[in-house]
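For reference, the structure is listed below as structure tokens.
A, B, C and D label the chains in the order they appear, each numbered from 1.
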Amino acid sequence: MLIVMNQGATDREIQAVVRRIERMGFKANPIPGARRCVIGITGNEGPLDPGEFESMPGVREAIRITRPYTLVGREGADGPTKISILGREVGGAALTIIAGPCAVETEEQAMRIAELVARAGASFYRGGAFKPRTSPYSFQGLGDEGLRILSKVREATGLPIVTEAVDPESVSRVEEVADVIQVGARNMQNYSLLKHAGRCGKPVLLKRGLSATIQELLLSAEYLLAEGNRQVILCERGIRSFDQATRNLFDLSAIAVVHGLSHLPIVADPSHGTGHRDMVIPMARAAVAAGADGLLVEVHPNPDRALSDGAQSLYPEQFDRMMKEVRLIAEAIGRRVAEPAGARA
Amino acid sequence: MLIVMNQGATDREIQAVVRRIERMGFKANPIPGARRCVIGITGNEGPLDPGEFESMPGVREAIRITRPYTLVGREGADGPTKISILGREVGGAALTIIAGPCAVETEEQAMRIAELVARAGASFYRGGAFKPRTSPYSFQGLGDEGLRILSKVREATGLPIVTEAVDPESVSRVEEVADVIQVGARNMQNYSLLKHAGRCGKPVLLKRGLSATIQELLLSAEYLLAEGNRQVILCERGIRSFDQATRNLFDLSAIAVVHGLSHLPIVADPSHGTGHRDMVIPMARAAVAAGADGLLVEVHPNPDRALSDGAQSLYPEQFDRMMKEVRLIAEAIGRRVAEPAGARA
Amino acid sequence: MLIVMNQGATDREIQAVVRRIERMGFKANPIPGARRCVIGITGNEGPLDPGEFESMPGVREAIRITRPYTLVGREGADGPTKISILGREVGGAALTIIAGPCAVETEEQAMRIAELVARAGASFYRGGAFKPRTSPYSFQGLGDEGLRILSKVREATGLPIVTEAVDPESVSRVEEVADVIQVGARNMQNYSLLKHAGRCGKPVLLKRGLSATIQELLLSAEYLLAEGNRQVILCERGIRSFDQATRNLFDLSAIAVVHGLSHLPIVADPSHGTGHRDMVIPMARAAVAAGADGLLVEVHPNPDRALSDGAQSLYPEQFDRMMKEVRLIAEAIGRRVAEPAGARA
Amino acid sequence: MLIVMNQGATDREIQAVVRRIERMGFKANPIPGARRCVIGITGNEGPLDPGEFESMPGVREAIRITRPYTLVGREGADGPTKISILGREVGGAALTIIAGPCAVETEEQAMRIAELVARAGASFYRGGAFKPRTSPYSFQGLGDEGLRILSKVREATGLPIVTEAVDPESVSRVEEVADVIQVGARNMQNYSLLKHAGRCGKPVLLKRGLSATIQELLLSAEYLLAEGNRQVILCERGIRSFDQATRNLFDLSAIAVVHGLSHLPIVADPSHGTGHRDMVIPMARAAVAAGADGLLVEVHPNPDRALSDGAQSLYPEQFDRMMKEVRLIAEAIGRRVAEPAGARA
């Protein structure tokens, strides 16, 4: 940490900072400048709190020079994390395509979509049994009945299941069925939920919050790793912006930033990222070209009758087309996407 | 709801929309225009989902014309809500001044601050026993020991206690001690927590999320009212912005907007709203001048040793000064602030 | 336009709105609903101003249902606009790769970069002679001397020149040398500049403002078209956001949104869009995958000695690599990028 | 400036940075830490460019420790700047109330409003002759005819005139009539305009751009001062945000931040800051309570017939009420507002 003093800071103020640093057991390194003095702190192991110094007389600013997370950081890590789930690897050369309806509505609906996406080459099935909704009057998911349907989907298709837990209590119920537990955007800083998810035995898909900085996303992932769960997949899903032309602002730069800072894999969700069905395919291509480790996409056979997020769900034939286009992009950058079932036959 | 058709929408597409509206049991009112057709829907009681129509061929947009909340809305309400808590009224002419440390650290610290703020005229004491923190390595509060200290504070000072519940499970523990349960900014859309808080018997202070629109704040309050809890106090505490000159962007317009849309009282938190001790007093004055029903302010005798949010905590003498200045502003707009204890003696 | 009345609006208030619409020469179509009345306006040719109605008693909101631009809109246009410049076509199947230094610094520097980018397959050369800079103390460009160097570059390489005009006065000077006149992000709403650029005979590259909505970008383009200049290329270059992890937030969704709303071509600038050299290549790939009609990229042989924007300029070998990767992405989506000069020989 | 090296930076990389600093004529102060090395630079007079270092191998970040402006900064200034205009002082104890229509429409309209606002105690008259408008089809002001009317207003009422220049060319025309030249929000970074305005002999009112940070606002002011014009009044008028509940997000914290960083006076514009007539009065009170040196408010006798910004213009009787309320707030904080003409008589 660096303590930047005010221009007119007195010797006494400088000495007070130095003493405080020394009392904390660290070394103070004052650098007197032409205009102001700066004091470097060395010898500390973990991060210090800027507030400790910023409130002292004569101090203008305290600047961190080590990042506030350690377990999720790329520095010191043994290469990118790869997570193996029912024989699929997340974070390797093959892209992880997670597809399904926003919400599980009926067994028939869930199963039909599962067959469609499996046939087109999806590697995971995602559907919500518990749905956090902005309005208390919106459909909030089938709950346990939804979980029962999801386990049938896995039985029938062999696809691993991704589904959301919305509170600490639901983690244990979801954990029984899910192969990956999703923590949604609104819950990215729900620390009780993170701690429970960090203690469960299943991989976690952590979505970036609507106004979370990338550093905050990584700090929320740090909660999971600090509890012992190292199987964490990050997900960019669009953030808040001033322009209402899209539902959210899909921040594809986040993929390159995360790859630069962390060893964790990151997938992208162009359905929530844009909110418009017609934009999902181009933005799915863009996400793969930007280096995303996979995609999370909503598909519905009758999107205009979907109980939630219909406007952003792909028609099945659009999902087929997306898979074809994304496969070409993946190959152009030396990665790959599983072939459609028909092709494999 | 109004359904705006594309310019080249066919009669067939228009008829499909009309039939769908009628199948839902409502009346369709097509208005053919020079350039495009618009269809008004009448006869519906509650809000409709735009997604239902936006995915139909030929439809450009579906526009809501009733707000998606009902219980928190000003329309139909019987004037502003006033909440009575241990003899103090929130939402009336007297401003509600809630003050205390960010976190309860020790009994001595908590008690000393309580005496200070009581003497200066605060009407509620607030301190955190459970603290949601961005980093898993930051101080997370004393937990149950913190609650124990808070109940001692009330005993000693008579001040009603405001403290935060961070998950459904903690609501019941907090409820035993708190006179007002705080739901923090990061938890504004933690719907499981809102449902539990909505079912408890205590008033709730609901803080606006970092990137929540005012409509989303009101919808989260609607969750509380929908569970039967009508004693809800809203709180503006700053939102995310592109400028890092302040910790958050304190949105004082929210006060006027909320007063225009809802019957619920709203207080303002200039400590989190700015993040800088030196800005708390001017922004506290501004909040009162804008019509806030009260203030939530952090005070600490040694802010530079505070375990959290030290940089934004007022020194006791600053809190005294703030109370004096705010009192004058309140009087200038026909409201009032309780006199300091000394004055009353 | 639709006029949404308040719930308790009186007949008298509704009639006042109706009369006002009729006085303007249009037809009023009241739709009485269960809860409130809505009045549709038909018969108007151009857009109306919501403010005209929103200030009338009993009116809650006036909602536009035709977009406020006409010349740039896709509706009614005869397919996407293609612009031919010195034998290169912008907006067709071939991508437009515009490359060069942020600022022209010396003839030697400008020429060396020109040879590099020409050899790698760039189709336009861009360099600034006039530089708008946030600080008055930063290097502001060589001015007329820069223009002279640019004309030498074109002579030597045959590449068309893109360079910026910063005020109405500089348009005429830039116009003499430039093949495309750039209007920078900070000037997107400099209407005097837009009017001058709209009247000049050269194509214009219009960069999106730092906090401009896509609709505002299109309205600024409308200024150019309204003056008679139909050769307009839009450019996404990143917008303001709350996260400082990147210099700007590169909004690739804007490409799909613009293609949906307008017939104008749009290119993407991953150099300003990210601000970090290491992110330029992945985001260039992503932009092409998203459907951008081209790229605008900064290249510098010694970026750490560049007089402006060094940190985001590619090294020449990085530019080569970018061209190779982008070529593969372009082919994957059925487009193409010119071959490097060596390959063509 | 402080250069923060990567964790694994080699000695060679550190030496390269040190040598570069020394070649620039400054002193390098390396501080080796447990985890990484930091190098402080001392001996430089003006600000350095972080990009100079951030592109060197082994460098993680270059952090400025002196602010990039000097003339507008509070450090070194001789107290707050007070500007005297036709006998009125801006920046002193008396608040500067600037009022008038958004645009000058007719002589009759302009004059009528002038009488109203003069009578209520306004100290300056503001009206636009040149109007920058988002759409090319909106009313763009009366131009020179507007200026002629404004000079008549001054003659009749004695109020100093504030009016906008929209490009370098209009500065000289506006300068002949105006007592204060306004540079609008969209032109805050129109540097050619700033340079012209900096060279003219009149005080300048500089409005904050829609997405300008406070530091950028101060740097734009620095352009004016660097040209020799020290009579600069800043103006907060709302910034872009994700919430559409208000037209802009009125950032009252900016007032306290500017007062902390700069010696220049700052006024607030609650009309543009909120966009809704009903919010102007509470936010005007809040701005004064926050410490604003004055207000800029739009008034129109028939706002619903205004040619621009009608929805945010106060009715004359609202302006009267605002003056009364603001007067009380000003007194509560030890400042004052001129009495209404009637009272003085």
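Here are some notes:
Everything that follows uses one rule, which is that contacts are C-beta pairs under 8 Å (C-beta built on N, C-alpha and C of every residue); 3 or more make two chains touch, one makes a residue touch a chain.
What you see is a predicted model, and the numbers here were worked out from it, not measured in a lab.
Relative to the C-alpha centre of chain D, the farthest chain centre belongs to A. In terms of C-beta pairs in contact, the better-connected of the chain pairs A-C and B-C is A-C. Separating the CA-averaged centres of chain B and chain C is a span of 39 Å. One inter-chain figure worth recording: chain C and chain D are separated by 27 Å, centre to centre, where each centre is the mean of the chain's CA atoms. Averaging Cα coordinates per chain places chain A and chain C 31 Å apart.
Counting partner chains per residue, chain B has residues 211, 239-242, 244 touching two or more of them. The touching residues of chain B, when paired with chain A in their complex, are 46-47, 49-56, 68-69, 132-138, 140, 166-170, 186-187, 189-193, 209-211, 216, 219, 222-223, 226, 239-240, 277, 303-304, 306, 308-311. Those residues of chain D lying in contact with chain B across their complex are 211, 213-215, 239-246, 249-257, 260, 273-274, 278-279, 282-283, 285-291, 325, 328-329, 331-333.
Residues 2, 4, 7-8, 29, 31-36, 38, 40, 42-45, 61, 63, 65-66, 75, 211, 240-242, 244 of chain D are the ones that touch chain A when the two sit in their complex.
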